[in-house]
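You will see chain A twice below: alongside chain B first, and alongside chain C after that.
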Partner chain A sequence: MSLLLQGLALGVLTGGLYALLASGLSLYFGVMRVVMVAHPAFLFLGAYLTYTVHTVFGLDPFLALPVTVPLFFVLGVAVQRLLIARLAPENLAMMSVLLTFGIALTIEGLLGTFYTGSYKSVSMEYATRSLTVAGVHLPYDKIIAFWVAAITLVVLFAVLVKSRFGQSLRATIQHREAARLVGIHTERVAGYGFGVGLATAAVGGTVLALITPFFPASHWVWIGKLMAIIVVGGLGSVIGAALAAVLLGVVEGLVLVTVDATWATMMFYVFLFLALLVRPQGFFGGRLAHRF
Partner chain B sequence: MRIASRGLPLLVAALAIAYPFLVPNFYLVYAGALTVMYAAMATSWNLLGGFTGYVSLGHSAFFGLGAYGTGLLVVRAGVPWVVALLASALLVTVFAVVVGIAAVRVRGASFVIVSIALVSMMNLVVQGWRSLTGGSTGLQVPSPFPDLHRGQTHMVFFYLFLALLALALASWWYVSRSRFGAGLRAIREDEDKAESLGVPTAAYKVTAFALSALFVALAGGLYAVWFGSLDPIFVFSILIGSYMVLMSLLGGVRHLFGPLLGALIVAPAGEYFLIALGETQIHLTATGLVLVLVVLFMPDGILARLTRRRAGPSIPDETAEQRLQGVAQ
Partner chain C sequence: MARVLKGLAVISICALGLTACAKTDEPGGAQTPGRQTGPVKIGISLPLTGDFSEPGKGIQEGYQVWADQVNAKGGLLGRKVELIFRDDASDPNRVSSDYESLITQDKVNLVFGPFSSRLVIPAAKVAESYNMVFVEPAGAAKEVFEQGFKRLFYAAPAIASDHYNYLADYILKLPADQKPKTAAYASLDDPFAQGTAYGLRDKLAAAGIKTVVDEVYPPETTDFAPIAAKIAAAKPDIVVGGTQFEDSVGLVRALQELKVQPKLAAFSTGPTLAEFPAAVKGAVEHIISPVGWSATATFTGNQEMVKRYKEMFGGEANEDAANGYTVGQIVEAAVTAVKCVDPTKECQDKLADHIRQGTFDTVVGPLSFDDQGRPEQAHMIQQYVDGKVQIVLPESAKTADIVYPKKEW
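And now, the complex of A and B:
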C-alpha cells in the first residue's frame, strides 16, 4: 500500500513537471497547427545552458532563467517568423514536422560537439535530500520541480486569460480569420505565441537539469512522452495537456513501482495509441484536432 | 533527349555493377554497399511517402525489426540465413499490416507522431527483453560466408543490396503505372475526394505501408548478416528513418530515381563527414541543416528542379487548359 502511495505521490509530482514541458507544444499547435518536434531539443539546450551557468559561474541553476527565458523567447519568435511562416500552407503539417525535426538534429549535433556526448548533471545540495510524509519519501528536487512547474503554468494561464496579448493569442487559436477581422495582427501574435512556448522550454530545461542527468540524445525519449501527452490531452488544448500530463505521470509512477521502468515508459505509447484509436480528438479537449 | 533519358539509367546501372572492380580499395566497396543499402531503403520508403504523401519518420522500426528478426532466427533457432531473412521480412510485413491498420487511421501530423512513437516503442521492447535480444549489449550474428575475407564479404553484400535496390525500383515503377498507384496518388491529392470516388483508401494505404515495410525489413535483415553485430540504439534510431526521408525529399519524392539520387548524395557525404571530422556529433548538425534547407527551399527535390517530365514516371503537372490543347492537337 505504501508502495502504491509512493508511486502515486511521485507520479503527481512528475506529472506537474510534464504539464509544464508539454504546455509549449500545445501552444505551438494552437497558434500554427504545427507539431514542434524540436521542443524537447530546446529543453535540453536550456538544460545545458543551465549547466554552463552553474559550473562556470558557480551560480544557482535558477539564476540562469533571467538569461535563458528572454533568449528562448526571441529564438521562438525567430523560428516562427523566419522558418515556419515560410512553409507552403497546403502541406504545412508534414513539412513543419520535418523542418522542426531538422532543427532538433541541428541542436543535438551542436550540443554533442560543444559538451561531448557524456552524461552531465547539475546537483545542488538541497536537491539530494527528501521529505518523508506518512512513510512516503518525496525527494526535494521533485518537489521543487513541481512547484516551479505549477508557478510557471499559473503565470502562463494568467497571461493567456487576463492580458490583452493573451486574449488576442486565444482569439488567433480559436479562429484565425475572425481574429484578423477584428484587427488582431495574427502573424505577429503567432510569432509571440511561439516565443512564449519556447520560453516555457527554458524554464523546463532548468528544472530538468536539476532532477535528471542528461546527454545530447536525451531529447528523443521526451519527444515520444510529450507527444503522447498532447495527443491524449487533445492537440492544441493547454489545459487538456496539463490534465493528461498529470494522468500519465501518475500512471507512469504506479507502473514504475509495481512493474518496471520499461513498462512505465511504454504506458505513454499505449495511451497514445489508445487515444488515436478510441478518441483521436483527445480525452480532455481537442476541438481543434478533429481533422487529424 | 529521349536517348538521354533512356540511356542514362542503363549507363548508371552498368557503372554500379562494375563499381567494386573500379575502386582502388575495399573501404570504398564498403561505402558503396552502404550507399546502395540506403538507396534501397529510401526507394521503398518512397513507396509510401511519395505516392500517398504520408511522411513516416519511423521506418527504422522495420529496419530494426528485420535486422533483429533475421539475427534472432539465425542465432537462437539455427535457421540458414537466407530462410531467416525471408521469414523475418514476411513477419515484419504482417506486423506492418497490423500497425498500418491503426496508423493510417490518422492523418497529417498525428501520423508522423505515431511513426516516431513506433520506433521508440520497438527500441524499448528490444532493450527491455534482455533474455531474448541481449538487451543494450546487442546481438552477435555469425558471418554467412566464413571462408571469405572482409573485403570479399563487402563485395557480396554490395551486389545483394544492388539486387534489393533493383527490386524496390521495379516495384515503384510497377505501382506507379498501376491502378493501385493511381489510387495512392489520389489519396495524396485529396483523401476525402478519393474516398468518395470509390478508392478503397484504407486498404490501399495499409498495402502501401506494408509493401514499403517489406523492402526496408529485407535491407535490415541483410544489414544484420553483413555487419554481424546489432546495437538496438543504432538500428532503431530515428536518424536512420530520417535519412530515408531526407534522401527521398532531396532527390524528389515524385520521381522513380529521386530517392536513389538523394542517397547517392547524402550517404557518401555522411561517410565523408565521418572520415574528415571523426566521431563528433557535428554530422547531425549537417544533416539537420540540410533537412531544414531542403524543406524550406526545395521540398519537391532536385529532379523536380531539373526537369518536370523527363526523369521517371510522375504525375504531369499540367492544367486542364493544357490538357485540352493536347487533346485538340
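And now, the complex of A and C:
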C-alpha cells in the first residue's frame, strides 16, 4: 500500500515535469499546425546553456533563466519567420516534421562540437534529498520541477487568456483569415507564438539539467514520450497536454511499482493507440482545444 | 487533422523503434588476393557518431596510439601500419557494409573490431565470411560467443558475466554475521549491462543470498525514482546495477532520494567514467564497479601507452582506449610470431590458430582465449575510497582495502 502511494506521489511529480516539457509542443501545433520534432533538442540546448552558466559563473542553475528564456524567445521567432513560414501551407504538418528533424540534428551536431560527446550534469546539493510525508518520500528536485512547471503553465495560460497578445494568438488559431480582417498581424503573432513555445523549452531545459545527466543525443528518448502526451491530451490544447502529462506520469509510476519498467514505458504508446482509436481528437481536443 | 494525427503516431512509433532496429546482412564470400609490399592496411569501422560515439572515439585513439608506437619501432614485419577508419554511426547495417567494402575494395590486410556487442556481431559475420581474423575491443555479451565464430577474439580480461567474479568471491567469503542476506538488482535492457549484473546475481543466488528485487528497464527510461521505490520497499542488504552512464547516475540519485542505505552498492560502467563523481557528488564514496583496465597498472606496455596517449591527445587515457590498444598488441604479437600479414585464408588461419592457443601480454594483463574467443581472465574491482578510484580486488592488484559496509550516501 505504501509502495502504491509512493508510486502515485512520484507519478504526480513526474507528470508535472512532463507537462512542462510538452507545453511548448502543444502550443506550436495549436498556433500553426507545426509538428516540432526539435523541441526536445531545444530542451537539451537549454540544459547545456544552464550547465555553462552554472559551471562558468558558479550560479544556481535557475539563474540561467533570465538569459535563456529571452534568448529562446528570439530564437523561436527567428525559426518561425525565417524557416517555418516558408513551408508550403498545404502539407505544412508533414514538411514541418522534416524541417524540424533537420533542426534537431543540427542542434545535436553543434552540441557535440562545442561540448564534446561526454556526459554533463548539474548536480546540486538539494537535488538528492527528499521530503518525507507519512512514509512517502518526495524528492526535492521533483518538487522543484513540479512547481516550476506549475508556475510556467499558469503564466503561459494567463498570457494566452488575458493579454492582448494572447487574444490575437487565439484569434489566429481559430480563424486566420478572420483574424487578419480585424487587423491582427497574423504572421507576427504566429512568430511570437512560436517564440513563447520555445521559451518554455528554456525553462524545461534548466529543470532537466537538474534532474538528469545529458549528452548531445539525449533528446531522442523524449520525442516519443512528449508526442504521445500531446496526442492523448488533444493537439493544441495546453491544458489537455498538462492533464494528459500528469495522467501518464501517474500511470507510468503506478505500473512501474506494480509491474515493471518495460510495461511502464509502453503505457505511453498504449494510451497513444487508445486515444487514436477511441478519441482521435485527444481527450481534450476538438472545440475545447481552441479555448486552450 | 486525422492525417496529422496518423503522422504523429508514426513519428512516435519510429522514435520508439529507433533504438531497436537491428538487421544484419549476410554477405557472400569471395577471396581477395594477398599483397606482399606497401603498408599493412588495417580496416576498422567505429561508431564515431551516434549513440556510441564517445566510446567509439576512445577506441579509435587506442588504435592510433598503438599504430604510432608500432611504426616508431619499424612497423609490422618491416612494413608501415596504416589504419583505415570508417564511421558506422552506431548503425548495425552500416557496420556490415563498412567491413564488406574495407575487405573487398580497400583490400585491407587485417581488420580490427568496432565498439559494442550490437555492432560486433554483424561485423564479425562479414569478417568470418572472408576468413579474416577478428580481434575486437568491445563485444562482451554472451551472444557474441554463441554465433559459432571461429576467428573472433575479445581483447579484454573477461566476458560480461565474469566481470564481478572477484566481488562475488569476496562477498561469499565474508563471515556469516556480515554476509548480506538479500540483494536487489536493477539492469538496463542491454546484453552487456544485463550480463554483468546477472553474472553476480546467479553466483550470489546459488549461495543463498536472496534476490528481493530484479528489475529490467528499457534504454528510454528517464525516471528512476519508482525503481528505487521498489528497492526501498524491499530493504535489500546490497544493491547491484547493470548500468551504463545515465542510468547509473539516475539510480544513485533516486536511491538517495528514496533513502535506501545498502551495505554495498555496485554499478557497472558508469562509475568507471571520469564524469561520474561530478554527477553524483558525495554519494560516490564507496561505490564499487568492475574495471578492465587501470592507468596505474604495470602490465606490459601500459605506462608507455598512458604516456604516449597524453602526448597525442592531451587528456588521460581511458578504458576504451586501452581496449583498442590491447587489440593491436595481440594482433602484433600474432603477426610477429607467424610471420605473415596477408588477407589470405592460409595466413589468417595461422594467425587465428596462434591467438587461440597463446597467452598474450597486454596493457590489461596476460590474456588467453577459449575456443569461442572468450577471454579467460576476470575484471578487477574498483571502489571510490576518500573520493579516489582505488583497485580493491583482487588481492594481487589492489591499491587500497575494500570498504564494507559502505558509508551512507
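Heads up, the rule we're going with is that the second predicted complex is superposed on the first by the 285 of 292 C-alpha atoms of A that agree within 3 Å, B and C clash if a C-alpha of one lies under 4 Å from a C-alpha of the other, contacts with A are read in each partner's own complex, and residues count from 1 in each chain.
We adopt the following convention: a residue touches a chain if its C-beta (ideal position, glycine included) is under 8 Å from a C-beta of that chain, and two chains touch if they have at least 3 such contacts.
Being a predicted model, the structure only gives us computed values, none of them experimental.
A.B. asks: Label the relationship between chain B and chain C on chain A in the superposed model as either fit or clash.
C.D. replies: Verdict on chain A: clash between chain B and chain C.
A.B. asks: Contact-wise, after the overlay, does A:Leu272 reach chain B, chain C, both or neither (first, second, both, neither)?
C.D. replies: In the superposition, A:Leu272 touches chain B and chain C alike.
A.B. asks: Which partner does A:Leu87 contact after superposing on A: first (chain B), second (chain C), both, neither?
C.D. replies: first
A.B. asks: Applying the touch criterion given at the start, work out whether A:Gln281 contacts chain B, chain C, both or neither, answering first, second, both or neither.
C.D. replies: In the superposed model, A:Gln281 contacts chain C only, not chain B.
A.B. asks: Given the touch rule stated above, what does A:Ser163 touch, chain B (first), chain C (second), both, or neither?
C.D. replies: Neither partner.
A.B. asks: Quick check for you: in the superposed arrangement, does A:Gly7 touch first (chain B), second (chain C), both or neither?
C.D. replies: A:Gly7 contacts chain C only, not chain B.
A.B. asks: One more residue to check, A:Glu252. First (chain B), second (chain C), both or neither?
C.D. replies: In the superposed model, A:Glu252 contacts chain C only, not chain B.
A.B. asks: Look at A:Gln174 in the shared chain and tell me whether it touches chain B only, chain C only, both, or neither; answer first, second, both or neither.
C.D. replies: Touch partners of A:Gln174: none, neither chain B nor chain C.
A.B. asks: Just checking: does A:Ala228 make contact with chain B only, chain C only, both, or neither of them? Give me first, second, both or neither.
C.D. replies: both
A.B. asks: Now for A:Gly117: first (chain B), second (chain C), both, or neither, which partner does it touch?
C.D. replies: In the superposition, A:Gly117 contacts both chain B and chain C.
A.B. asks: Both chain B and chain C touch chain A; at which residues?
C.D. replies: Common to the two interfaces on chain A: residues 33, 35, 37, 93-94, 97, 112, 117, 220-221, 223-224, 227-228, 231, 235, 260, 262, 265, 269, 272-273, 276, 280.
A.B. asks: Given the complex with chain B, which residues does chain A contribute to the contact?
C.D. replies: Residue positions touching the partner: 29, 33-35, 37, 83, 86-88, 91, 93-99, 101-113, 117, 216, 220-221, 223-224, 227-228, 231, 235, 260, 262-263, 265-266, 269, 272-273, 276-277, 280, 289, 291-292.
A.B. asks: Help me check something: in the complex, which residues belonging to chain B touch chain A?
C.D. replies: Contacts found on chain B: 53, 55, 57, 102, 105-110, 112-114, 116-117, 120-121, 124-125, 127-128, 238-239, 242, 245, 249, 280-292, 295-296, 299.
A.B. asks: In their complex, what parts of chain C are in touch with chain A?
C.D. replies: On the chain C side, the touching residues are 1-9, 11-13, 15-16, 18-19, 49-51, 53-54, 57, 189, 215-223, 225-227, 229-230, 232-233, 245-246, 249-250, 253-254, 256-259, 273-275, 278-281, 283.
A.B. asks: Using the touch definition up top, name the residues of chain A that touch chain C in the complex.
C.D. replies: Against chain C, chain A makes touches at 2-3, 6-7, 10-11, 14, 33, 35, 37, 93-94, 97, 112, 117-121, 123, 125, 127-130, 132, 137, 139-142, 212-215, 217-218, 220-225, 227-228, 230-231, 235, 252-253, 256-257, 260-262, 264-265, 268-269, 272-273, 276, 280-281.
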